[in-house]
Structures are given as C-alpha cells and as structure tokens.
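Okay, handing you the structure first.
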Amino acid sequence: MTTPVRLRAVSAPDQPDVTPALEDLYRGFERELLVPLWTEIGDLMPVHPRSKARPHVWRWDSLRALAAQAGEIVPVGRGGERRAIALANPGLGGRPFATPTLWAAIQYLMPGENAPEHRHTQHAFRFVIEGEGVWTVVNGDPVAMRRGDFLPQAGWAWHAHTNATAAPMAWIDGLDIPFQYLTEAQFFQPGRDELSDAERATPDRSRAERLWGHPGLRPVSGAAAPDTPGSPLLAYRWAHTDRALADQLALEAEGYQGTLEPGHAAVRFTDPSSGGDVLPTMRAEMHRIRRGTETAPVRETGSSVYAVFDGSGRVSVGDQSWSVTRGDLFVVPSWEPFSARSQAGVSDSDSGALDLFRFSDAPVFEALKLYRTQSPGTLS
Amino acid sequence: MTTPVRLRAVSAPDQPDVTPALEDLYRGFERELLVPLWTEIGDLMPVHPRSKARPHVWRWDSLRALAAQAGEIVPVGRGGERRAIALANPGLGGRPFATPTLWAAIQYLMPGENAPEHRHTQHAFRFVIEGEGVWTVVNGDPVAMRRGDFLPQAGWAWHAHTNATAAPMAWIDGLDIPFQYLTEAQFFQPGRDELSDAERATPDRSRAERLWGHPGLRPVSGAAAPDTPGSPLLAYRWAHTDRALADQLALEAEGYQGTLEPGHAAVRFTDPSSGGDVLPTMRAEMHRIRRGTETAPVRETGSSVYAVFDGSGRVSVGDQSWSVTRGDLFVVPSWEPFSARSQAGVSDSDSGALDLFRFSDAPVFEALKLYRTQSPGTLS
Amino acid sequence: MTTPVRLRAVSAPDQPDVTPALEDLYRGFERELLVPLWTEIGDLMPVHPRSKARPHVWRWDSLRALAAQAGEIVPVGRGGERRAIALANPGLGGRPFATPTLWAAIQYLMPGENAPEHRHTQHAFRFVIEGEGVWTVVNGDPVAMRRGDFLPQAGWAWHAHTNATAAPMAWIDGLDIPFQYLTEAQFFQPGRDELSDAERATPDRSRAERLWGHPGLRPVSGAAAPDTPGSPLLAYRWAHTDRALADQLALEAEGYQGTLEPGHAAVRFTDPSSGGDVLPTMRAEMHRIRRGTETAPVRETGSSVYAVFDGSGRVSVGDQSWSVTRGDLFVVPSWEPFSARSQAGVSDSDSGALDLFRFSDAPVFEALKLYRTQSPGTLS
Amino acid sequence: MTTPVRLRAVSAPDQPDVTPALEDLYRGFERELLVPLWTEIGDLMPVHPRSKARPHVWRWDSLRALAAQAGEIVPVGRGGERRAIALANPGLGGRPFATPTLWAAIQYLMPGENAPEHRHTQHAFRFVIEGEGVWTVVNGDPVAMRRGDFLPQAGWAWHAHTNATAAPMAWIDGLDIPFQYLTEAQFFQPGRDELSDAERATPDRSRAERLWGHPGLRPVSGAAAPDTPGSPLLAYRWAHTDRALADQLALEAEGYQGTLEPGHAAVRFTDPSSGGDVLPTMRAEMHRIRRGTETAPVRETGSSVYAVFDGSGRVSVGDQSWSVTRGDLFVVPSWEPFSARSQAGVSDSDSGALDLFRFSDAPVFEALKLYRTQSPGTLS
C-alpha cells in the first residue's frame, strides 16, 4: 500500500514563516516523497523517551474468562495455530502489542487438545500463573508446564503443545513479535501434523533439564553444545526460583548482601551456557517484594510487561496506580517511573509478599548500547 | 492518544465460524483491550519477511534542487536545528522513514551558516556526494567534509556543522531515527549557541584522524580510549576508500582473492578499536562494480539505503528496476532481492565502474541473532 | 643468580662443520650471551609437543599416610601457612610441579586446627576425596567441604580453613602455581590472624551457594555482581554432580544424546556468570565411565591431573598403564594419549562405574588459541 | 629423564624442628615423589613477582658483527632452518630465552640466500632495525622488509625468507618460543624446498597490505576473512608508524590529549579485524620520547624486550641503568620498574627523540586476568 506525503505549513514559533514560497516548497517535497526534519523533530527526537504505549493493567479474571469462552468456540489448528489472546496496549493503535516491542498473551488449551507443531524466528517463552497438565514439545523434547515455571523457547525451535489432562489449562505467552514485525525479521514454518508417541510422553523432567539443569555444571558432550540462539535449558522450575528468592531475603535478614534493595529480592533467568539473558531479545526475571515493602521508583529505556504471580499490592507506573492481585498483567512503557508495594492483609498468601514476574526488551537495548536507567535517588 | 480495539468476525477458511457466540467473544475482547492471534497471524508471522517498505528511488537532481530552494527560505537553528530533508518511503505512511529502521536525508548549509550544537542518542553519519567546505565539529574536533568522505558520529557525541566557504554545500545524513523511535530509546540535548574559535578552525585532518587514522595502529594513551559507543575515527577519506577498492580489483585481475564476487569490490567502514561495525546500529560500506559487470542477486533480512557515488548503472530491487546515476538514492527493503549492473558508456566516469555507497541495519540483526541471507545461487 | 652461556661445537648431520672459525664464533656468542637457533631447534621446536613431564601415578594410601604423619609433627601456620604436600613429577627436576603448569597436593588439617588467612593471585580449588568437617572461609563466607564437593577459589580472594570437628581431614588442592611461577605473575598477601565468630560458623550452605547455586538463575542485585576473576559460586556439591552424570547415562540408555561417548558421561564445572571455565587458568570436570566401558584414546595440548573419585579401573597414559582405585592421582602430560577402562568386580562401588575427577590447563590454551586435540579415530 | 626429589631438613624460623621424625617424613616424601609446600613457599609464592630473569642489555654492534661472522661459516637450511642468534638472559640458565616467555634474536641472510619454508605454532614477528632487500613469503604472499617495518606472522602460517639483493640483511625476530616451550604447546612442520616464481616476486606492497592496510576499512569478501589466530595484515610500514607518533606529539604541542604522558608518544600494532593485539601471545608497540624527556617509572606483571630504533638515551630497569643507542636491545623482567630518557646531542637523529620498539607478553596476562601495573606516582 502506497501512502502519500502530506505536509501542512503552520504558523508556530519554531516553524518557517508561512509564505507562498514555503507552500511551493512543501508541494515539491510531497511530489518527491520527502519530509523535512523541522516539522517532525519534536516527535522524532524528544528530550527523553515519551512512549506511545500507555501504562495499563489487564485483569486475570477477565482474561481467564474470555480465554475459556474462546476455548468453547474457537478451534486450535492450522490458520490461527494457537488459541492465544494478546494484550493490545491502548496507545498502540488497536494492534496486539503490549508494548512497542513485546507481545503478551494468554494461551488456552482444552483437555486433549494439541496446538500443532511449527517454528518461527520470534523468540518466545511460557510462564504459568496457575494450573498444569500441558506439555510443550520443543525439538521433540516434552516439557511439563506447572504453576510458577518459566519455559523459554528460542527462535526457530520446533514446538507444539499438548494437553494431556482432563482439564483446560491457561498460561502466559511472551514473544518479541512486535520487535520482529517492526524490524521485519520474521520467518515461519509449519511442522508435522502429528507428534510421535515418544513426544507424547509426559515425563516429570525434560531431557533439556537433565542435561542443563544442574547448578554450575554443563555437559562436556559436543552433542549438548547449544545450536540455538537462546538457552538450551527449557524449563526453570518454580521450586528453584522460589528458593533463590527466599535465600536472598534470608541473607538480607542475616545482615548480608543479596537483595536488589531492602526487602526486594530478584533473580534473572539466564542461559547457562553463557550466563547472559535467556533469549537474545527478551529478559525475564522474578521479583519478590517482602510484606510491607515499597520499592524505590526507577525508570529505564525499554519496556516491560509484569504479571502478578502471587500476593497483592499496589503498583505505580508513570501517573497511573493500581491495586493488583494474582494473574493481573500490566505494562511499564519506556522511561516511565515504576514502583511496587506489597499489601499484607489483602494478600491471600501466607507471607504477605508480592511476587512479580517481569519480562522486558532490555537485551536489545544492552546489545545496541542504548540502555539507560535512572537510579531511584535521582528521580524527582 | 488512546485507540480502541476493533475486531470484525469474517467468514474465511482459516477463521472461526461467524456466530453470535463469536461476535459476543469479540465484543469481550474489545472491551478488555485484547486481540486474538488467529485474526493477525498472517500479517504478524509471515513465512518470510514481507516488508511494509517499498523499493523506491529518489533522484539527486530533484533532491538537490529542493534542498537549495529550502536554503533560501528556511532558517537553520533552534526548532528544526538542521535543514535536513528526509526520504519518506511510500509504504511507510508518509513518515520520514526511508526504511522501517533507517533515516536518510539531504542536509544543506548556506555559506557562513552554522547548524547549532546538540547531541542525541541516535547514531548518525554524513556521506558526501559532492562539494566541500563544511566542517562538522564533533566533541570540539573540527572535521572537514569532502566528496567521497564518510563521517560517522556515534550517539551522544556533541556536534555542530559550520560552512566556512562562500558556497552552499549539501550532503547525505544517515541515522537510526526510525529504529530508536520504534524502540523508544531517544534522548536529545541542545548544546552551546556558539562554537569557540578553536572549534571554528578548518584543519585538513581532524584530531580523531591524527590519533586513529593510521592503518593497524592505535594510540596507547588512556586518553585516547574510546568512551563513545561507536568508532573513535571521525573521518574515512575517499582517497583511502578508493585505493582499497582499486586494490581489490587489481588483486582479482592478478588471479588472487579479494573481491566479493567477480568484478565486485567492497569495503566496510569499521571501528578501528574493535574491527566491528562503525556504529552499533548501522553498517556502512562502499561497493565498486567494474565496467560491464552485473552482481548476483542476493537478499538479506534487514533493510539498506544506497547512494550512487559515481558512474551509472541499472539496479533491480524486488520487482522494480531503475537506471541510476550520480547522487540517486534508493532503498532495498528486508528480504527483497537486489542486484546491480554498471553501464559503461552512459557513465561520465573514465572507468565505467559503478560506485555504490550503502548503509543498513545489519548490526541490529547480527547482535540479536536475526541475520539471514540467501546466497545468489539459491534464489529462484 | 647469573648463569653463563656454554656452547659446544659438535659434529652432526644438521650442525655446521666443526672448524676453528666455528669455535671462534661460539666463543663470541658465549661472551655476548647469545645462543644460536641451530643448536636448539630440535628441543625448542619439535614436530609435536614432547613433554618434559612423565606419566606417573601417586597412590592415595601412601599420600594419606604421609599426610597424617606430617599432621603429627609439622605445625600449620605462618611460614608454610598450609600443611600441603605436592606431587613432584619425576620429569620436572624434583620440583613440586605435577605438570609444567599445574600444582596438585594433599592438604591435611588436624582437629581444631586453622590454616591462617591469606590471599594470592594463584587460582585454586579444593576437591574432597573423603571425609568432612573442614570449612573453607572465602572472603568471609564459610563453605562446608564434604566428599565429592568441588570448591573453587579464584585468585586474590581471602581464604582460611578451619577444622570444626574432632577428626583430621584431608583433601586435594589444585593450583596454577607452576604456571604463575613460570610467567612470574604472582602476588601474595597474609591476612588476619583470627577469624571472626561469624566466620567460624558452620552452615550447611555457603552464602555463595544461596546466591549463585540455583540452576539457570542469577541474582539481579549489583552487590552480587562478581568482582573476582573466577566463579562466584564457591561450592559444587556432589549430589548435583552425581545426578548430572546419572542423567547423562540414563539419557543414553533411552536412546538420546548426552554422554561424551558411549558409556562415558562428563560434566564441566563452570562459572554461572559466564558459562565458561570455573577459573581463568584451570578447567575442572567429573567423568563417569560405566561398568565395562573403555574410553577411546584421545590426546590434547596441555596437561591434566586426574584423581580417582570412586570405583576402580585401568588407565593408559602414553606408554604407561596402571590399575587405579579410589584416591589415586595421576598425570597426563601434553599430547600423550589417554584412555580409561572401568573394572567391575574390583570396584567397591555398587555400580561398577569409574568416577574420575580431572583438572587441566585447557583455559590457557583456549584463550591463547593454542588448543589442539586429536580425535580418537585418527590416533594410530 | 627422571629426576629424584631431594629434601633437606633445615633449622630455620619458619621450618619445622629438625628431628628424626621429620627426617623420616622427608625420606617418605622423597620415596613417593612428594614435596611439601613449607619448604618452597618463599620461592613459589612471593609477595610480588621476583623474576629469575635479569635486566640486561645487548649491543647492536656486537650482535651485528657476530651475525655477519655466522653468515660466512654457517649455512641456512634444513636442520637449523634459520641463521638466528638468540639473546640468552643471564638469569635463565644459559638458555636462549630473553625473558621467561619471550625469544628475541637477530636473523641474518646473505645475498641470494633463502631460508626454507616451514610453519610452527609459535607466533612470530620481524622488526627491521636497518637495511632492506629481504622478502618474507607468508602463505605465498611476498612481503618486503625495510627499516622500521613491523611484520607479524601468526602461528601455523607457512613462511620463508628470500634475500633478493646483493647485500646481506639482518633483522630482529620476536617469538613466544619460551612460553610455548614451558606450556608444551608446539607443533612444527617443514614446507616445500622451493618457492614458486610468483612467490619470488618483489612487490612494493604485499597482498595482505592491499586487502587490510587501509585505515578503518576491511574487505567485505568472505575470502578475506582471517583464518589465522593473529592479524591478517602482514606489514606495518614505518611511514605510518612514524606519522602516528609525530601526530601525537603535535597534538600535545597544540594542547590536546594523545600522548601517553608528556613528551611520550606510543602506538600499538593491532589486528585490524579485532582492534586487539597483533598476536595472541605478544604485544608490540613503538614509543617515541621527545628530546629532553624522561618517562615516569612504571612496572607491570610480565616481561618486555626493547630495541632502540632511533636516537640515544639512558634507560633504567630495576637497579640497572645504561646508555643506549640504535639497535641496542634490553629486557625488562616482570615487575621491575622501567623508565627511559632521551639524550639530545648524543643522538644522531635530527629530532633528539628516542624511538623504542617494544614487545611483551601482555596479551597472555590480560587474557588470563593476571595483568597488573603500578602507576608511576605510586612507585617509591
């Protein structure tokens, strides 16, 4: 689709005087498909990032209910391929973009259903807010999905999902679809229609975990050398994540360093073959904010999506603020200040802590030397 | 600006049956700002990149004339800051984006004019098609600009331009404005109103060249360690580029390797402190296609902008083909096949060779492991 | 100590004719402290590495007995600092060098004893063949040592050892002392005479494990960013190592890849912040050779020290071959072929497997692009 | 050759009491090839590096004369392969080691002579103090050698030398022979007996320079991608080095940064494909000390060899000090303080500057995180 250039000479302090000569110039620009910087600089080159995306929260109850409703009437299969329902940021034109670079969706699989095998260059992960019973089969390796598990799946890996139980299951998908859409990097390939019997197995641990899931150890075998662009470890289990967070808070209580700030523990999911981010374009972390703690406001270039994994609290994003509870999702656009407070009493967890899962596009910013952050004390 | 979600149930092979239940579901999605994958997957996850951008050529004569016209009536200074006129790809909504990630503009400075000092996180370079007489002052270092020179300027470096002669001068600007606009990474800061006398000097070589412009040598001094995210060398002179291209073709004629393919020499501008690309987000190269040679078609993820530096020829981009000559600019969108042929006789150069300057977003794709290319023989 | 040059003209096929002129030349060389290449090239530039070190085995029973004997009569403390008794390769001039680059020793601590705090640039680790009861205190963090544990300690980290029990304990020390001695890189600093009460604690897990010992997870806190040149994880527990080896053999039995070769599982101890070797100059691995399996012979540049952790077997190193059992140590010099066979029945373990701990100087060779290996099939 | 362990119980403050039990223990150690740390720690683990090597100077006149004498009576060819005469540091046992890791030699080729083709894993370079007329042929590419040129040759590259003139020529060889000897990494392979006619050509510029010798530019061709472990650029010409040094001093005179310290310019020879050191194990630099300048004392881990390229001066190394002039070579052992002073008037150069070529093992120390330096002001 071809779009013309349309320029309008306006009378404004920073603009050239509106004269017939200027109008004539602008008509020439339009004819030749040109746009002058002086009409655009305010939008294109702001003093600091002013995101098109807006702070917004999506409620788990609504998401879950609509996903279940879709489960009843929309088939999974070729065409849509997945029963995935994406967050559409209200500032991004009604497109299924949670932020300018990130896709976040709820995916829903009915008992006995299979999402067919395919692969794509978009990097992806699953994160489980509740439930269990689905195995995601990545390059032939069945990986159980259970509450609290984080399951990365690097670009161009074959994958299918199969619900081996009698209950439906929902989970969160994160992908870099908007980023690859904007940069126009995407490839997609459909796979086989049916999985093999071996792929329909429902082991407790995946083969990837058996090879790569031992702390500080890597297999020496050449066969195990990762050939994908992301982590060879396909599941990060909640038991490990939970223990790591509890350890940090316990160290703090004993007087040692370990937390990110007082009362705020945080771990990052990493590629054990490199120690770096789990996926080339996405960072994923789990944060725990102890009962009664409020984090210091911070802002960063790049955007994040948060999911409340456990507990309740109140979060502030830019000029917005919401009470949130399990399963709620919200976005933090580029350079918007963010802070969170746990709310004991409201929480239905024993600890009163607020557990937040977060993913962001930080690896893009770091790789290209565009990452900036403003430390809490310097925010006004 | 908030935009609603609008979903339309359509009767199509890959879509769910249009029923009242589906309509009800879609109204629920709209209410909760959700978009299902199944209505979007064809656009978001294509089999291979299908660029929104279109192959297009801009003619130097028109560009040059409109820039001169702007020189007469549009002031340089605060507000627009620069008299820069950008290519607006006809597929990109009338925005000043040559491709989804790259900005290309002609900038024009009248005799005695100064473009005021500022800095921004957007990475930039200048490339000179014709003329001379402007010095770009980068972090206080005046750098002469002459035909054939390539002048990178990494993000967040202070810079101003000053025309020290009695004639106007035009040149090509390349920046990653669209990429940083889409990822929302941009910072901008205005600088001083006036340059110092030392900065108004017009030396033949910049201080950067005197420190970093010696082949295979780097200064040992800590002072010279680069603190910017890109190349510390601020000018790549045409004499060097020209000789490197001539050397490759001479080696080929003597029976040795060196050219990219028969009759096609190419050099890449690199950061001498790392050997890598000259800027974190942009690759820049000069290509020389010998008289009577046609390059093999190739396609790549990511987009490029080409400028004809010398000679004449015919270029093919996707399903388009144009005769081009000195100063013409054209774009190659992601995954569109590209080839070029020199046209002896039409050329006004002695050699009959076609010299093409090219810049692209390849470093983004390589850093994030998204780069793919299809070698000539495998294109159908 | 100054040493003169001594040259002897010899009559040999590759040497210059012995004449008065040559004798006169050689006297000139000696006077000016010069040595010609032609008398030395055979030794200095061999066709492939011919190690000065020799294949040799040290028996655990003898080592253990002599260490206990030393425990009775040699104090731990300033001066020697440690009750460490090093392997002296018979080819290396009676010096305490297991190989030209590696130090291996048995260290022995009596009940209630403390090895005083110090630090040095030499990288080190402990590996426990038997027993428990000592805590090594690294930068103030007490780390329990038990059978099968691997405990790295990067250069310039403060460390002391304290035996908190009523029994003596022995373990294996590995350091790069010979490498740093030859390259002359060493610094040493004595520390405090006494540890604090907090440092005398005997926790089950170290603080390092609580921060860094969770598979695929890293702490986000800046405080936890490693500032030492090696792994921030101070203990690799046997339970994890054992499970990782068992997992590889089980995967093989199920028909999947994972082992290094049939019946031969192997894991490498890695720095979780980088995925690379646990120490800048030393690689450490654990190998398990299944009952009745013989590994294919392989040779590599660089040298290794092996310790039999469990089981019995027969190992071949160059032209040597020995039966080995728990605790025996042996060396594989550069480019000497190595293979190992488990010996079921002789073994006192249930499984009949042979477990070999190995450390080597491979990171030096890899970092400097000097690593070579010859794959099994190509060895004659 | 097997060497026994010999231990002597001595009565000393830091040693165990000499008793029959100790003597018995030591006999046990000897029998089992063991050496205790407590007798060795002072030598093996010093407070800071105390080099076995000694500061020493070799005089060019003597070197040159002896090399010429060897030219008359010692053939070049199989066996010795090269007429190379190496510096033997007086502290290193009469071996041809300038420092514990570095080899430095004068090589001498008579008119019409050829040093036969071979290759080896040892990294090497040539540096020309005086004369010209020899071409070194590296992987078939003839490279002219002239005064001031630096010519690296990475490990495992085929190379031969041929004197195409009627006069003998001498130059300096630098290799990592001692380092590879100590680590036992060396491979060697003899090549063809005769070079082809094309390889006997005597071009002004090598093919390597034509591909890689343009400042900030690299060939795009895959063919030109370096496959050796060091720099693909085979000659760094004096004209470039000289100009880079002059530029730094001129910048300083104009009030800008650029020199290493006042009056002291320095450039490092780098691999243009990486910006790093020209060879994996050796750093090479050229320093210019302006007339009347004395450098601040500095010390570093690792050792260096210096050659006076031009001018005269006085250098201090540890507790030694010498007047030096063109062609003199001297060594700076690990952690010995070094400074240099130019001596105007004595110099036969117009400028009165002292030009020092230097090579060192710094890349080994940096890659393995063993590099330390003490800045001038902190030396007592």
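For reference, chains read A, B, C and D in written order, and residue numbers begin at 1 within each chain.
Throughout what follows, a residue touches a chain if its C-beta (ideal position, glycine included) is under 8 Å from a C-beta of that chain, and two chains touch if they have at least 3 such contacts.
None of these values were measured; they are calculated from a predicted model.
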item	value
Distance-maximising chain from chain C - centres being C-alpha averages	B
Separation of chain C from chain D, taking each centre as the mean of its C-alpha atoms, in whole Å	30
Distance from the mean Cα position of chain C to that of chain B, given in whole angstrom	53
Chain B-chain D separation of Cα centroids, rounded to whole Å	43
Overlap residues in chain A, where contacts from two or more other chains coincide	none
Touch-based graph of the chains, sorted into line, ring, star, complete or other	ring
Contacting chain pairs - touch in the sense defined above	A-B, A-C, B-D, C-D
Chain C contact footprint on chain D (complex, rising order)	1-6, 13-16, 19, 21-22, 24-25, 28-29, 32-41, 44-54, 56, 58-59, 62-63, 66, 69-70, 72-75, 78-96, 100-101, 105, 120-122, 155, 177, 179-189, 229, 280-281, 301-303, 333-335, 361, 363-365, 367-370, 372
Chain A - residues contacting chain C, complex	207, 210-224, 231, 233, 236, 240-241, 243-244, 247-248, 250-251, 256-260, 266-275, 278, 285
